[in-house]
Every structure is written in structure tokens, then in C-alpha cells.
């Protein structure tokens, strides 16, 4: 599993990070080092793993009306009334 | 400045919360260590006055009543800026209190300000803050450790007796060790994460930093406990740590020294460790943690993977600093806001985490790391059948110079070699100061106990402290 | 060269809970934008999810009703992608370990009943809504975090009609169980289709994912269009690629969105903020105990007990409230001719009751008609005490004012006239009034009988027994012929 420039570009796009050419070079080297180091994990045998334990607590279905929408939306960078405004959304989500 | 002394003075009328708070505020504003990002003079003095009035009327909320504390800047504090050491959240005013902050306030503590940290808790030196590094209180050319560098320095410099930090792979323990104060990482799930801005959800825990073991125990008692807002928080009622710290007893304890942690220690480090464990009643025996070699890789893969997902919410849409040029598309807003808002270490870990989760790499990295994590936890479980505690140095070195490790991320990651395994296993782990090197730079001893054994852990830590 | 379609549907249904999946915000439709929000569903820094118990119960209810394996342990997972209506930058869903696997939904086809098998049913949270505005999009996060079940069928459907039948069956079932409102206009039930074509017996072909088909009509139209598109391409020798298309109702076509290669990598991994979801005995027992008789079983009972035709039983059990109401009506049917009277009740329910519900825009749950009232009305009709047109008028009075049908009939003098006397008078008068038509009738235009019938019934204000009128009129006219 190698980390080359193409992989770095693809991963940066998935992560919504805009890398300059220099950063691409730097990250390619650094990530290759780190991922190379993480290759130690390959030595671990593939023994079956017990499923994780624990149980999610279940919350009673009741409306808790904080009525704090104003405070919560106060930090929105761009609004139109109570709606958040963003540049046009094209197409549907993934 | 220790908590008990302050508490006694307050109750004897020898000082007031207002006086203590004023002193803390002045020191926080004056410090050249870079420890504080926000100092809340108005809020703190108001809280101090309430605390004083309460004490005067006999309403005593306990050991933290009226005591100034500092809070790491990744914990939400209602009405106060909360930045996580990042440009992305510069100016962001948290609209609610983290559960632990609410508990502090209910205990009468006075929050004087927010401490500097590695950005989004990613770092081991506090050099990754967008607001400048934190400097070591003894030697300003050196790092204090990270990511809770600001909290550790705030306590080590005597600005406040107590602070809250967060520990994911060592971020409370390592700066505590480097700065010569006490720092605890609780059992995973012992303390609520609601309002702690997440780095790695399955690893993060809020932890107390204090000038002594009893102070850390008192702060732990306030923050530990269940929380319906956090589904990963344990519903078990916590044991009382301060009681255990104040009456630690003298019973014999078997203390395991993992053989895997001894490789590569300098002889100076080794003798510090041996001397630190010369505590009456401690019987030191070797233990085997065979999967130690996978720990750092496991941690960086898992923590980065979770972080890459946790930090996706920082998109500039609902809060944070949006960068939107003229004619920018939605994708431009994401790309530009995130690229401008996140520093290089954060970007690096997001990239690493995204890579580990992506199709084609998931099994080899995330899948393997998940397996390794369980193997590491199983090592501890097996060891604890033979010993009561596991010991090591918290950090393989004392504080290193600023800039010494920044060129090589991997070298920086390896600073956490002793703190990472217990974090992966979800076990409670404390760092206690055990002397200084010739340059006056502190060493820390790390003790790890089985899950939810904070009380015996604090007791053992108190014994180490008493033996100095 | 016959082709058959291979169709699977993914249906998302909003669960009928008071609060959201992972926080206590209300789920009511139509609130002011962004008012039903909190740090959790806004994805504010530091917020954490807490699972809604009722959502789990409702999802388990649906699983039991379709005969699925309802797993005691399932795991939430993060589906990661960037979109403005997705506050956390990931959706909490279920991936490798869903709540339910297996199960089936029965549909009626020309060839008889058929089971559409289910792949899985899992829990997840809904996203918010974005709408277009000048120069951008506006985002409302009220809907973000609403509990959803995703119901994934196996590709068992072979025609657009089967797909429609399946969608209707699921729609009816979730409403019947009280699991979801299933309101497609409000978006509480949404559907995506996976469509491919093949020659019968051959392996499955390359499939297209069709999105934005949110009505029964669009399901049929979109699948038909897609089949045509794929068949045309394959017959022209083209190789199809796996792609996602969106249905565009105004143009009646599907529009290409993206290929599978360019689709997002969701990087699923187990949700670290939530331990596994476990269903304990208490929860499962409660869900089983509360499971109502399913519509199919109810319909079978109507056929077996009352001899109703299967068609009637189907219509009467399409809605739970209506079925319960009808059940109450037939429970009150004592005495002879039970099956005939039940059939009349069925006709009246399927006819007048459904018509008025639709006209007045009322839900069956809010039916204003008194059960006893309709039963007595039907018995009046059955006993020929009133004519059908009169019965309809009595029905209208009952619907708007209530009351007792007999009292209404008597107060208005609406008893059916069956005596020969008044009928003969009316017949004579009508014949006398229309000499021209009489001449034409006697001259051979027998169709004018209907004309005389209508005039006579009208003269008797619709109260006459039509059989008797027919007899007397026929008698009078044949007298004149001779």
C-alpha cells in the first residue's frame, strides 16, 4: 500500500483540503513515512475479533424544547432570516 | 499553591475568593508563557463574589468552592470564546457549557480563563497552536508538552492550583510530567465528554491537572460521574478519590514494570524510574505487554481516523470562520474555509485518517489497528492478574527544545510511547512528579490501574508523592 | 425478444416519534426554519448523540411485522460526506450490523400473491433541507436528525406495476402499524429504485439507481422510462454503465447524476460515540405485545367470517382506522342475513364513506359518522324501507348532523313508496303529460321507457320503490299498446 501523489490528491479532495503543490509534495513524503511506519500492523495476525461490548443507553422519547435557536444560530456566517445561506447546492448529496 | 491550603485559608477567612481570583487573573494576563488564550475577568470576579457570599452564608460546595481554575480551550464554556487552539474557531462563543464545566461551576469553582493547547488537541508539545506556542515555565526555550500545555503551565506557574485538560494519547499526563505537576487520565467513560470538542471519540477523556495528588483527586471527584448526554459515559457511580488520596494506607502493592518500555531508555531515565519506584510497600516486578510495538501506529491510525470524521463538521456553514471569495462555489467554501482554518498538523492527521478509512485501505489500516487495540487491552488485563499497578516514566525525556521535533512528525508521535498504550486500553493513568534533571526540568512517573480503579490509583500516587 | 425488469426499492420512512433520533428536538412538520434545533442536531462542537428508545421500538415493530430477523445487537455507523444539510459532515446510520435482516412484504400481482423479500431494515437519522434561492441555497435543519428506517428490498420485482404494488404495500403497512405517517407529500416516505433489465433466465444486468421518485405515479413512470432507455441502449449494442439518475417529472425523463466510479467514498466505520444497540427482553416483549393484527390477517377474517369478496376486504383494510371502524360496524350486526347486510355495509363504506372522507379532506381516524347510525341506515335499505337515492340523503344528514336514521326518514316523510295507488297515479300523470314521447314509444322507440321511469321517479320525489314503479309503468304502457 503506497502513498503517492495521486493518493494524496484523492484523499485531500475527500477531506475538502486544498493543497498547494509544495504541500502535496510534503504531505506525500510525510504521509508515506507515517503510513510506512503503520505497516508494522501488517505483522498482527488476523485472529477473529470479539464484537465490541457495551450497550447504548436508550432515551425516553420526549420533546426537550431548549428554545435556544437564536443563540445557536448566532454564530452562523451567513443567514437569510432563519435559514442558513450557502452558495448554490448543485446535484444531490452522495 | 495547593488546594488544601487555599481551602483552609478561605474557610478561616484569611483570604477571599475575590482575592484569590484577582491574583489568578493578574497572573494569567501577565504570563509570558502563552498559557492563556482567554482571560475572563468579568465572569470570574462575578463568580468569585457569588462564592464568597455563599461561604459567608455557610453554603459550602466543597473543596473547589471559591477556587480559581483554568479550563482547556477545547471545553465549551458558555458565553466565552472557545477556539481549540485553531483559527477555524477564532471568535467562536460557545453557546453552552460542557458538562464538566457546569459541574465545576456547581461546585463553586471560579473559571478564570481558557488555556492554550495544540490545535484540536493534536500534538505533544503545544507548538501546534494557531495562537503561538506555550513555553515551559522553567525554561522558555523548551516545550511544556501537549496538547494540554496551557493547563499544565497554568498550574506549574502557580497561576491557578487546578486546571482541566483533555487526554487522548497522553495529552494531560505528558505535559503534567514535563511541567512537574500531577495529571490524570481517567478510565474511558468515567468523565462526560459532552461539550469536549472531539478529537478521537473512543480515546478522549477530560482529566484534572493540579499541583498535588490531593488537588487532582478533589477536581476528579467533581467531574467524574454519569451523564445522559454522553452515551459512552459509564453509569457506575464513581468512587471517592480524595478520601483515598488523603488516607492512602501502607499495604503492599505489586507494581509491574513492562519490559517493552525499558528498551531505549537512557541510563539517566532508567535511574530516575528506579528511584521513583522506591516507595515503601511497592514491590516492583517485570510484566510483559507483548503488543506494545503496535501501540503508536495503532493510536495514530485510529485517532486520526476518528478525528478526520469528527472534524468534518468544521465546514464554515453553521459556525466558525467561513472563507468565501467572490463567486465561490459551495465546494470552494469547504476547501478554502478548512484549508485556512486548520494548521498543518491537523491537516496531516485529517489526511492520514481519511486515508485509513478510505475504500481499499480500510482493512489494512483501520481494521488492523482495531484488532491491535484489543490485543493491547488484553495485554493489560492479563498483566493485572499478577500486579496491582503498572508503572513507567510518563515521557522518555524531559522537556525538549521548541522546534526540536517539528520537522519530523513521526519523531513527535514517538514522544507518546508510554502514554498511548493505557489510553488505547481505556485505563486510568496518572502522572506524578518525581524530581528534576540537572537543568531543573521535571520528570514524571506514570502509574496505570485497572478500569474504574481511580481510588486505589490516587492512593498509590499519594504514596509516591509522600516518598519524595 | 422479451426483456424483463429487475427492480429493487429502497424506501426511507420517517418514524412517528415525538423527538429526534439522537436528541430531544421536536419532529413536527412545518415549523419555522431552524427552530427545532439544538447543539446535537446542529452538529455543534462538543455535541453527542443519545438514542431515542421509541424509534428503536418502532423499527423493531416493523421488523417483526415483515417477519424479519430482529437482531438483539446492532451497530450504528458513520456515513461520511460533505453537504450543507448534513450538519456533522456524516450521517449516523447502520452499515454492517443493521437492526433487521430478511423478512418479506406480500404484493398482489396478476399471477397471484407474491413475496418481495427484504434485504434489511436499519435505523438512521434524516438530513436537513436545502432550497434554492437567488444566488445560493438556503438550509433549514429542522428535519436534520429525524429518525428514519431504511427498508431495502431484494431485487425481486419484475415490472413497474409490481414496484408500485410493493411501494403501496409498504406505505400501507407503516401507516397501519403506526410506525410512520407515510406522507409522501411531506416527505415522510421516500423512495429510490434500482433498475436493470435482462432477458428472462439470464444473469442480472447493469443497474441504474433512480432517485427522487416520491409518488406511486412517479415510481411507475420513472421505471418505465428507465426500462425503455436501457433496452434501447442494449439493443443498439451499447454497454451500460452503473450510474445514478434523478427523475425529472416536468420532462418525464431521468437525468444523469453520476457514475458509480465518481460517487463518494463514504468511509463507513462504527460510530464511536454510541455503544452497540441492544434490544433487551423487556423491549422486545413490549413490542411483540403491542403488535397489531396485520392487514392481511384482518382482511382474511372479513372474507372468512362475513363472506366479503377479497377486493372489498382489501379496500377496507387499507387503512387501520378505517378497518377498526368497519370492524365496529360489523360487530354490531346481529340477526339474520348477516352476510348480505355486511356486504351492504361494505358497499356503503367503500362508496359513500370514502367519498365523503376525500371530499371533506378528513382522515379515517376522524370519521364523524356514528357506527350504529350507519348500521341502522343499511338495515333500512336492506329492508327496503327507503330507496337508494333517499338513503344517500339520509347518509348526508347523518354525516353532518348525526342522529337516528329512522327519525330522520320519518321527519322528512322519506319512507319509500311501494303502494300501487300513488305509483299508478304518478304513472298516469306522466304518461298524460308526454303524448309525443308516448307516440314514439308505441311506435317502437322502446328506449323511451327510461325516460318515463325517470319522470315517474322524479314525480314521486325519489321515494318510490323502483321495482314497483318499473312493474306498474310497464303494465300501464303495455295496456296502452294493446
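Structural remarks
Letters A, B and C mark the chains in the order given here, with residues in each chain numbered from 1 onward.
Definition applied: contacts are C-beta pairs under 8 Å (C-beta built on N, C-alpha and C of every residue); 3 or more make two chains touch, one makes a residue touch a chain.
Please read these numbers as outputs of a predicted model, since none were measured by experiment.
Set against the C-alpha centre of chain A, every other chain centre is closer than that of C. The pair with more inter-chain C-beta contacts, choosing from B-C and A-B, is A-B.
Between chain A and chain C, the centres computed from C-alpha atoms are 40 Å apart. We define each chain's centre as the mean of its Cα atoms; on that basis chain B and chain C are separated by 57 Å. Here the CA centre of chain A is 23 Å from the CA centre of chain B.
Contact with two or more other chains is made by residues 39, 42, 44, 50-51, 82, 84, 137, 139, 141, 265, 267, 274-275 of chain C.
Residues of chain B in contact with at least two other chains: 92, 95, 228, 231-232, 315, 317-319, 330, 334, 354, 358. The set of chain A residues touching two or more other chains comprises 14, 16, 54, 56-57, 59, 68, 72-73, 84, 86-89.
Against chain C, in their complex, chain A makes its touches with residues 14, 16, 51-66, 68-69, 72-73, 80-89, 91-94. Residue ranges on chain B touching chain A, taken from their complex, read 92-93, 95, 228, 231-232, 235, 291, 293-294, 296-298, 300-301, 308, 315-322, 324, 328-336, 338-339, 342, 347-348, 350-352, 354-355, 358, 361, 364-365, 368-372, 374-375, 409-410, 413.
Per the touch definition, chain C reaches chain A in the complex via residues 17-19, 23-26, 32-39, 42, 44, 50-56, 73, 75-76, 81-86, 127, 130-133, 135-141, 211-212, 246, 257-258, 263-267, 270, 274-278, 283.
In the complex of the two chains, the chain B residues touching chain C come out as 75-76, 82, 84, 89, 92, 94-96, 98, 193-198, 200-202, 228-232, 305-306, 309, 311-315, 317-319, 330, 334, 354, 357-359, 362, 366.
Listed in rising order, the residues of chain C touching chain B in the complex are 39, 42-51, 78, 80, 82, 84, 87-90, 137, 139, 141, 265, 267, 269, 272-275.
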